[in-house]
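Two complexes follow with subunit A in common, the first pairing it with subunit B and the second with subunit C.
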Partner chain A sequence: MTSARLSGGGGFVTYTAAMAILLFIVAPLAVIVALSVSELNFATFPPKGFTLAWYAKVLSDAAFRHSFVVSILIALGATTISLCLGLPAAYALDRWKVPSAGVIRTLLLSPMILPILITGLALLKLFSQTRMRDASINLLIGHILVTLPYVVRTITVSLELVDRTLEEAALTLGASPVRAFVRVTVPQLVPGIAAGCLFAFMISFDDYPISMWLGDAEYVPLPVYLHDSLTRLFDPSIAATSSLMILTGILAVVGLEKIVGLRRAMGV
Partner chain B sequence: MRPPTMDLALSGLVKSFGESTAVDNVTLRIAAGELVALLGPSGCGKTTTLRMIAGLVQPTSGEVLIGGSRITHVPVHKRNIGMLFQNYALFPHMTVAQNVAFGLQMRRLRQSELREKVETALAMVQLKEYADRLPAALSGGQQQRVALARAVVIEPALLLLDEPMGALDKNLRENMQFEVRQIQKRLGITAVLVTHDQEEAMTMADRVVVMRDGRLEQVGTPKEVYESPVSRFVASFIGVSNFIQGSVVAADTTGTKMRLVCGTEALVSETGVTDGERLLSIRPESVMLRVATPGETPGLNEVIATVEHVVFKGQTTHVHMRMRDGATLLSNLSGTVASRLLPSLGAGTDVIASWSADRARVVLDS
Partner chain C sequence: MTLASTADQSMANAKPRRGRQALRVSIGMILLLPALGFLLVFLVIPSLSLLSASVLTQSGSGDIGLPVTFANYDRLLFSSAYQKVVLRTMSISVWTSLISIVLAYPLAMVIAYGRPSLSRLTMVLVVAPLVVSVIVRCYGWQLLLGNNRAGVLNWLIALVFRNRATIKLMYTEWAVIIASVHVFLPLIVLPIATSLARINPSLVEAARMLGAPPWRAFLRVTLPLSVPGLTAGVTIVFALTASSFVTPQMLGGTNASMLGILLEQQAMTVFDWPMTGAIASVMVAIALCSNAASTWIIGLLTRRGQLGGRK
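What follows is the complex of A and B.
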């Protein structure tokens, strides 16, 4: 909301801390990106020379392309379904008198708290016992389980921020409750919905612990593919694959920024 | 814009939330074109009453009638009301013009007619050149004027004002009070104002309804409730008043006689008062002072008091005193009287405070 600069001692401490944290997060990623253009055959730092050959190698690899498409499709599917389930759930829990709403809310958010690795194992056990053999469906269900809490959480936060008198004003002006919701409330929720979708997409795209249990020979999500290649040989193509994942994340963020404005989406 | 003027009637309106009763049997008639202020401290039920008129809250029992027809069970969006909220409630994602047009769109007006009406409404609140701005780019006063235009453009049967000036600073508030009142009068819309600000109620309303604990405490013109409060609550909520304890000893058609706790008697021109323990209520501006001569005893419509401190307020000077029974007494002296008396009114001075019979009221001690 504010673009004012902090000044004085407090400002110095704030900016220094922010820079330190940023460095801590970005530096390892920068190393990966640097490695991906190294001319050496081994992933060593500092990189030597500059080449895009590793990217060419990765992109020409059918297994990589397949994994990439699998991961994108699962992430899109999990995000869409999480939104379709999460928006009504968040709205109902916030605006209606739902019996034991607190319990339902905690249940909805619980996958966020439970260890995902164990959740994945439990799902694998469940699916094998119920003879659900389709890995694509299993992966989708598993991913929805971990993405849904993020969608519910962000939409709930923006619902709480929406001024209810706006809906009341729309009603007094002659809008039916449904029209008031669509014309006045939903536009206020767009940032929250967008942020929730971004979280959901990135968490699904990035997920290893669930995918590791639920993938099979045909459906190998990208993080699993990456891990498998890493155990075979650590050459700069691994770094190139990682860099492409980072790029996907950046594109998702930039896309969101273009559509709704990231500052609004994050509620700042 | 000539909305049909309609009267509003509330009949035995009750709203209970679980065990507690927020509004308790409110019956009130508001004439077409009249502006009535619901005045009271927070929690007195004034907002709940307004929300029941709007249809945003469903009454536990009782009826709301507009123009004689029962609308108690008509949903909000079919009631044709304009409402102003304390926080303006403008739609932040719509421009000023789109905000004003919203109610007209809900009524499916033709585009040309719609544009014309929006323009007229914005001109009315002098915000025509702000039509394409977003509400966030406007000041609080401008936002509330947009909200006013949005509320009246639909030609509502009723205008409901829920503390609409609460968030504005003093100067702006006075301007807005005047502006809202002018527009309401010109359009002849029946209006209900909710406020806890007695000054706002007095300046804007044709009639003031003082509410307390969900009930109507007193209904009357601003002059009536100020000059003839029925209870200590009303007298102290609307303006400031002195209260002297006493009991009614005689009452007939010419007036009322009270014996005051400090020993003197008071004759009040008010009639129709029943016997019993009462309070004598006298506004500070009606209390006259003179320095007591040593050993002087106060006479009829007089009490003796000691000056505690004097506060110069510019136009008036407030003299704070204590009576013999320990109760405080306040006199607001006007400039000329004050300058004549002030030199002799040091702290500790005994003074005789007096009032004329028609300036005092007998009120209930509640």
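What follows is the complex of A and C.
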């Protein structure tokens, strides 16, 4: 039945258009990867030869490695804390009869609606007024704001998909509410939450608009490092750094596909 | 108000219902407290402080206080230099949204109705760029659109047409629009695909059996039924393009500056906090208005019951 819905002349036109648009989506990433192995000293097209020297240069660069570690640690910390804040909140909205739940849910998801650039600037102003100078903590707080709505949304969807009758069966059979939650509800939530956390991790790992306000000379997240390199480096090592970030993204997509399937992870 | 939904649970112990209700509410509030407290301290208060500076006056020493003034909004919206940036931001966002709609439908159709293998491939290629930093993607567009022969597009043109003419797209509004479409396209494809997947297939079959050609069945049946996903997607694309910083900064240069660029200059170079607040308020207003409009349209359609086949 599904295949019948996209067949004949209309189907052919749709497939052809879709393939052309996919080419448009892949082109900028493919060009970067192609230039990252070029033997030329400038990142210009067409690439020539094949070398992994630019990757060696990037990986041996202390500043790159430091930025990579900073980005990973911030993303891990922000995702973990978002989970600690978001799980009880989403659970409360779903199961406990909280008044004006709609308003609270909107507030929890609002960092997604507000321009991130302004969220970051507002934080910068707050931190300078209150003399909070530790960039690592400031970055962490900023990244929690970015990741929290994604975590809350994923957990809310996962909670809605939980089979309530199983929980009721556990209660009827004599389990305490806490035991029923831990042994019956949580195992049903885990795949969805894991996928949500992975996505939130990538949102933080790739973030630029928050980090550009809150980073300092010591704590330079990877996207900021890359952006700064663009103005001073013109060799393919930038393409190599970018390719490593593309690789991280591909690994994340594979992870999402393996955990719950890409369509469910994206809510399609 | 929620007694009806808890009635089945509390049937056995009807007497302590009121007390249990209060207990449920307080436990719920305790669970919500950490997240709400965090948002209050680090989102609500700082944002209000930033936005409220827009109607205040900055003294020579940099202190912000009374008197209240609307001069910054007046300057932003009506002086020609600033007004140009506001209008350009709107026009870039509108073009990005329109092009995204056209490009999103074929991809969403393949994801929702295509052969499983192609649907899967499309889904992977649509989602993958979403988890690649916007800096990387804009760098890719810099390489593609470069104004001299080193740009991939110009290299291709030279290869195919063998002439010396080069197209100069880099540092124009169109470079920003092209990159913005690329950056935000996944965010409109996914909601449209969700809407399409929910359409009852027999509606399209009925149209076809009654003699409608495929394009007509698409325009009269599929397209109207996918409006909820379309509305949600267009809202996201429009709002995010209007508040973007990286794409105009990396591809627009000085010729295609947008509100986000203006915001950064006023905050980090000019240190004019009231003007920064005014720009931020306009950007927040654009985001909130487009969200309110989309919620209203989707609500209207749902009430009219046009969303046949929706769960």
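What we mean here is this: the second predicted complex is superposed on the first by the 226 of 268 C-alpha atoms of A that agree within 3 Å, B and C clash if a C-alpha of one lies under 4 Å from a C-alpha of the other, contacts with A are read in each partner's own complex, and residues count from 1 in each chain.
The rule is simple: contacts are C-beta pairs under 8 Å (C-beta built on N, C-alpha and C of every residue); 3 or more make two chains touch, one makes a residue touch a chain.
Quick caveat: nothing in here was measured; it's all calculated off a predicted structure.
Asker: Classify the contacts of A:A217 with the two partner chains as first (subunit B alone), second (subunit C alone), both, or neither.
Answerer: The answer is neither, since A:A217 touches no partner chain.
Asker: Look at A:P187 in the shared chain and tell me whether it touches subunit B only, subunit C only, both, or neither; answer first, second, both or neither.
Answerer: first
Asker: Using the touch definition from the top, say if A:V178 reaches subunit B (first), subunit C (second), both or neither.
Answerer: Touch status of A:V178: no partner.
Asker: Given the touch rule stated above, what does A:L230 touch, subunit B (first), subunit C (second), both, or neither?
Answerer: Only subunit C is touched by A:L230; subunit B is not.
Asker: Under the stated touch criterion, which partner chain does A:I118 make contact with: subunit B (first), subunit C (second), both, or neither?
Answerer: A:I118 contacts subunit C only, not subunit B.
Asker: So in the superposed three-chain picture, is A:A169 touching just subunit B, just subunit C, both, or none of them (first/second/both/neither)?
Answerer: The first partner, subunit B, only.
Asker: Subunit B or subunit C: which reaches more residues on subunit A?
Answerer: C
Asker: What residues on subunit A does subunit C touch that subunit B touches too?
Answerer: In subunit A, nothing is touched by subunit B and also by subunit C.
Asker: Hey, which residues of subunit C end up touching subunit A in the complex?
Answerer: Interface residues on the subunit C side: 2, 6, 21, 24-25, 27-29, 31-32, 34-36, 38-39, 42-47, 49-50, 103, 106-107, 109-116, 118, 120-129, 131-137, 139-141, 143-144, 146, 150-152, 155, 182, 185, 190, 193-194, 197, 201, 204, 214-215, 218, 239-240, 242-246, 250, 260, 263-264, 267, 273, 276, 280, 283-284, 287-288, 291.
Asker: Which residues of subunit A touch subunit B in the complex?
Answerer: Answer in residue numbers: 163, 165-166, 168-177, 179-180, 183-184, 187-188.
Asker: Sort out for me which residues of subunit B touch subunit A in the complex.
Answerer: 54-56, 75-83, 85, 87, 89-93, 102-103, 106-107, 147, 150-151, 154, 160
Asker: Help me check something: in the complex, which residues belonging to subunit A touch subunit C?
Answerer: 1-3, 5-6, 8-11, 14-15, 17-18, 21-22, 24-29, 31-32, 35, 42-46, 84-86, 88-89, 91-93, 95-99, 104, 107-108, 110-111, 113-119, 121-126, 141, 144-145, 148, 152, 199, 202, 205-209, 212, 222-223, 226-227, 230, 238-239, 242, 245-246, 248-250, 252-253, 256-257, 262-263, 266-268
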